[in-house]
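Each of the next two complexes has chain A plus one more chain, namely chain B in the first and chain C in the second.
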Partner chain A sequence: MTKPLIALGLEGSANKLGVGIIRHPPHPISSFKPRPPAEILSNIRHTYNAPPGEGFLPKDTAQHHRQHVASLVQQSLAEANLTSSDIDVICYTKGPGMGAPLQSVAIAARTLSLMWNKPMVGVNHCIGHIEMGREITGATNPVVLYVSGGNTQVIAYSNQRYRIFGETLDIAVGNCLDRFARTLCIPNDPAPGYNIEQLAKKGNILLDLPYAVKGMDCSFSGILAKCDEYAAQMAKGTLTDPNTGEKITPEDLCFTLQETVFSMLVEITERAMAHVGSNQVLIVGGVGCNERVQEMMGSMAGERGGSVYATDERFCIDNGIMIAHAGLLAYSIGQTTDLVDCTCTQRFRTDDVWIGWRND
Partner chain B sequence: MTDSKPPTTTTHTLPTPFTHTSPPPILLTQGAEALVYKTHFLDLSSPAILKFRPSKAYRHPTLDARLTKQRVLAEARVLVKLAGVTDAAELRVPGVLGLEWDVGRKVKGAGGEGVVRVKRGEDLQGKKTEDREVQGRVVAAGAWILMEFIEGRSVKELLRGVDEWAKRLGERISQEEREKVEGDVKALLRAIGRTVAAMHFKGGVVHGDLTSSNIMVRPRKHEQVNGHGHVEGSDTKPPDLSGEIVLIDFGLATQSIQDEDRAVDLYVLERAFGSTHPKQEDWFDAEVLQHSEGYRGTFKGANVVLKRLEEVRLRGRKRSMIG
Partner chain C sequence: MAPTLDPDFPCSLPSTVDVPLPDHRLASTALRALQVDAELSPLVRRDFSLVATESQGEQSILRTEYKATTNRMLRVAVNGFMESLGVVLQVMEELDVDVLAAR
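== the complex of A and B ==
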């Protein structure tokens, strides 16, 4: 039997600071049976939100993370009813993400490692999302749509790598939504994308937006530019529906933007599914919380005789537990990151990570 | 519609006039964009492919109608253009036999009712509806192209077949046999390079969705007659890779002559290869692109496109800037 393992995970690649503690129960070493499910002992998060009309800046975000990480770790241990000696390994987000926030969290992780004398594992943020999604939903080999403020990728597993089949050629879809929220001065609390979603539910006029799907890739900066143009016209009062002459509202613009970009995401996911021969879809990342994208994906998957797997906001939105989980998977096959290598990087491709813990 | 039953959403329903085809078309695959059926054109001796693009329930009807019509017309125009290129022997595409860009549109004397996709009871905005009208426009019902049936297998199937054969037989394959198969795979890759070059430089077309699923290998005429089709699943033989390359699925194709677009076309193929055929990934650049019998050696201007491809590769996001 293997030993039970407990990991502490620290995540702060964007404006969400997450701390999580996970336990992998013992299991027979060379069993072909699936591992018993991981136990989540603690999963807490503190989000930094800029005022409406602004985005979060690296230096302010890093300051927020530095302010809160110590108390969040203490809170996490208390919630899990553990002490530092119970932790086997400290996992942190090596990248990708924003430089200053990543650095702050990496420093915290290194400090804990030295204080408590524990090994460390640096984790790829995208891999964290994927592995946590698989763990929570039980999806065995889905096509993964990873959509957040910082990333938009369609991924499928093959030969020890999560290979990127399609991605955005410029900005992430979440970034497009967040920046449009800024244009409309929508509050950033709890998340700009969430607020756009609520407004979109009340919109019903679909305007023309450039639909930019190129094979399995897509691009959003043109759409954002056009949307910003519409918003400017709307502010002047000159924007009306070409068919009915009705005035266009912010709700209509949010509706238009969501319907267009989500159609694009569903399309590239469907392409990957057709190419790979899969009918399972797993949606991870902050934008995955959006009910409309889940609904659209469900409709597409249903027509193909498949299904959609999605998690709730505890795991969709950046969190520490996914880092702890992915780090522990690596640790369990003997991987650690030496202190001198516990750096962080803004550029870290999902397919650069060797997935040694899967044997399919 | 004379009976009073409310319309229901359907999947896999054929568009008119194929509802009356006998024998009925057989569904081959459900791709991302379209349902591909095998049927016949006029009589049974001419096999044909029906590519039916149903409307997608997840998309807003306005967006859906616009995209479907645009794509089916663009695809047909590109196919007709490429079929008309007479001075490129290696450039082969399916011929277009028939087309409808909006099954729901009213055509005098042709019925025009078609297959209608309606969300039963409610449209996307929650407004109750029992009929075909949403926002004052008829709900899109899909589009179709009827085209020539291409015998043979896709490059994806063939390479997968080679991988499986190698895995299945392992040590039992002689060095000689291994080298022959490797040689055949490389020759296939070079032929792909030449065909893509012909499409770019003679056809003036950029495919837009080059993957190994969209490149077919058709056995040559004499082999078809002899019945030496492509043998797969035979225990000791690898799949037969010989034949002529035929490109299919031009649903995202554009008529472009820009180096940038051609380079992106190659990039899409390169990435698709890397994700689906990791074992042959290393040979891709050398055989398909750089070889004198591949993309590079075929036409003047290919080297400019390949240089541009180097820039396109660096555009992958979050790519480490080292090396």
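== the complex of A and C ==
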């Protein structure tokens, strides 16, 4: 039997500061049996939101993380009823993400590691999302759609790498939605994408937007530009439905944007599924919380005789537990990151990570 | 001792930043944690060292010397260092092994 292992995970690559503590129960060493489920001992988060009409800037976000990281770790330990000696490894987000916020969390992680005399593992944020999604949903070998404010990738596993099949050529789909929320001055609390989703539910007129799927990839900046144009016309009162002459509302614009970008995501995901011969889709990342994208993906997967797996906001939205989990998977096969290598990097490709803990 | 003037980096702090910590262990922890991040700009040079206090003889003072090509770069770098130092100190204060044990 292996030893039980407990990891502390710290995440801060964007505006969410997350701390999580996870336990991997002991299991027989034979690798053919599925592992028992991981136990989530604590998963807490503190989000920095800019005022409506603005986005979060690296400097302010980093300051927010610096202010809250110590107390969040303390809270997390208290919730898990653990102390420093119970933790086996400290995991932190190495990248990708925003430089200053990443560094503000990494320095806290390093300090803990030195004070508590524990090893560290630097984790790729995208791998964190994927591995947590697999753990929570039990999806065995899905095509993964990773969609957030910072990333948009279609991923499939092969030979110990999560391979990127398709991705955005410019901005992430979540970034497109978030920036449109700024254009409309929609509040950023709890998340701009969430507020756009609520407005979209009340919209029903579908305007024309460029549909920018390019093979396995897609692009969103042109769509955002067109949507911003529409918003300007709407503000002037000149934007009407070409068919009925009805005035277009912000709800209609949100609806139009969501329907268009989500259709694009469904298309590139389906293309990857056809290529790989899979009918399971796992959606991870903040945009994965969106019920409409889950619904549209579900229709497509259903038509192919498959299904969609998604997690709730505890795991979809950036969190510390996914970092703890992915880090612990690496640690369990003997990987650690030396202190001098516990740096951060804004660019860190998903397929750069060797997935040694999978044998399939 | 004032740092010697480096002609390539004419803007130095008039004195070094000395942060007294309770003991050598914590001073060493702070140094090792802070040292990992390289300075972002090639226009800035930073040096960390541990210095003994006069009274105790234990090396419990973290000494940081900054040199830069311009005053602006110096200010930016030192401000950044202070922010990171703040996190290190707060984490030490609230989460050291003995602090947690006492809760």
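Remarks
Keep this in mind: the second predicted complex is superposed on the first by the 359 of 360 C-alpha atoms of A that agree within 3 Å, B and C clash if a C-alpha of one lies under 4 Å from a C-alpha of the other, contacts with A are read in each partner's own complex, and residues count from 1 in each chain.
Everything that follows uses one rule, which is that contacts are C-beta pairs under 8 Å (C-beta built on N, C-alpha and C of every residue); 3 or more make two chains touch, one makes a residue touch a chain.
Model, not experiment: these values are computed from the prediction.
Upon superposition of the two complexes on chain A, no clash is found between chain B and chain C, which fit side by side. Ranked by how many residues of chain A each touches, chain B and chain C are led by B.
In the superposition on chain A, A:L206 makes contact with chain B only, not with chain C. Of the two partner chains, chain C is the only one that A:T83 touches; chain B does not reach it.
Looking at the shared chain after the overlay, A:Q103 reaches chain C, while chain B stays out of its contact range. After the chain A superposition, the centres of chain B and chain C are separated by 130° when viewed from the C-alpha centre of chain A, nearest 10. Looking at the shared chain after the overlay, A:Q75 reaches neither chain B nor chain C.
Of the two partner chains, chain B is the only one touched by A:T260; chain C is not. When the two structures are aligned on the shared chain, A:T168 is found in touch with chain B, with no touch to chain C.
In the superposition on chain A, A:M115 makes contact with chain C only, not with chain B. Distance between chain B and chain C in the overlay is 15 Å (nearest C-alpha pair, rounded to whole angstrom). Put simply, chain A uses no single residue to touch chain B in one complex and chain C in the other. Listed in rising order, the residues of chain B touching chain A in the complex are 11, 29-33, 56-60, 62-63, 67, 125, 135-136, 208-211, 213, 252, 264, 268, 271-272, 274-276, 278, 315-321. Across the interface of their complex, chain A is touched by residues 26, 28-30, 32-34, 36-38, 83-84, 86-88, 90-97, 100-101, 103 of chain C.
Looking at the complex, you find that chain A touches chain C at residues 62-63, 66, 69-71, 73-74, 77-78, 83-85, 103-104, 106-108, 110-112, 114-116, 339-340, 342-343.
Contacts from chain A toward chain B in the complex involve residues 95-96, 151, 156, 158-159, 161, 163-165, 167-169, 204, 206, 211, 213-217, 243, 259-260, 263, 266-267, 270-271, 273-276, 295-297, 299-300, 303-304, 345-349, 352.
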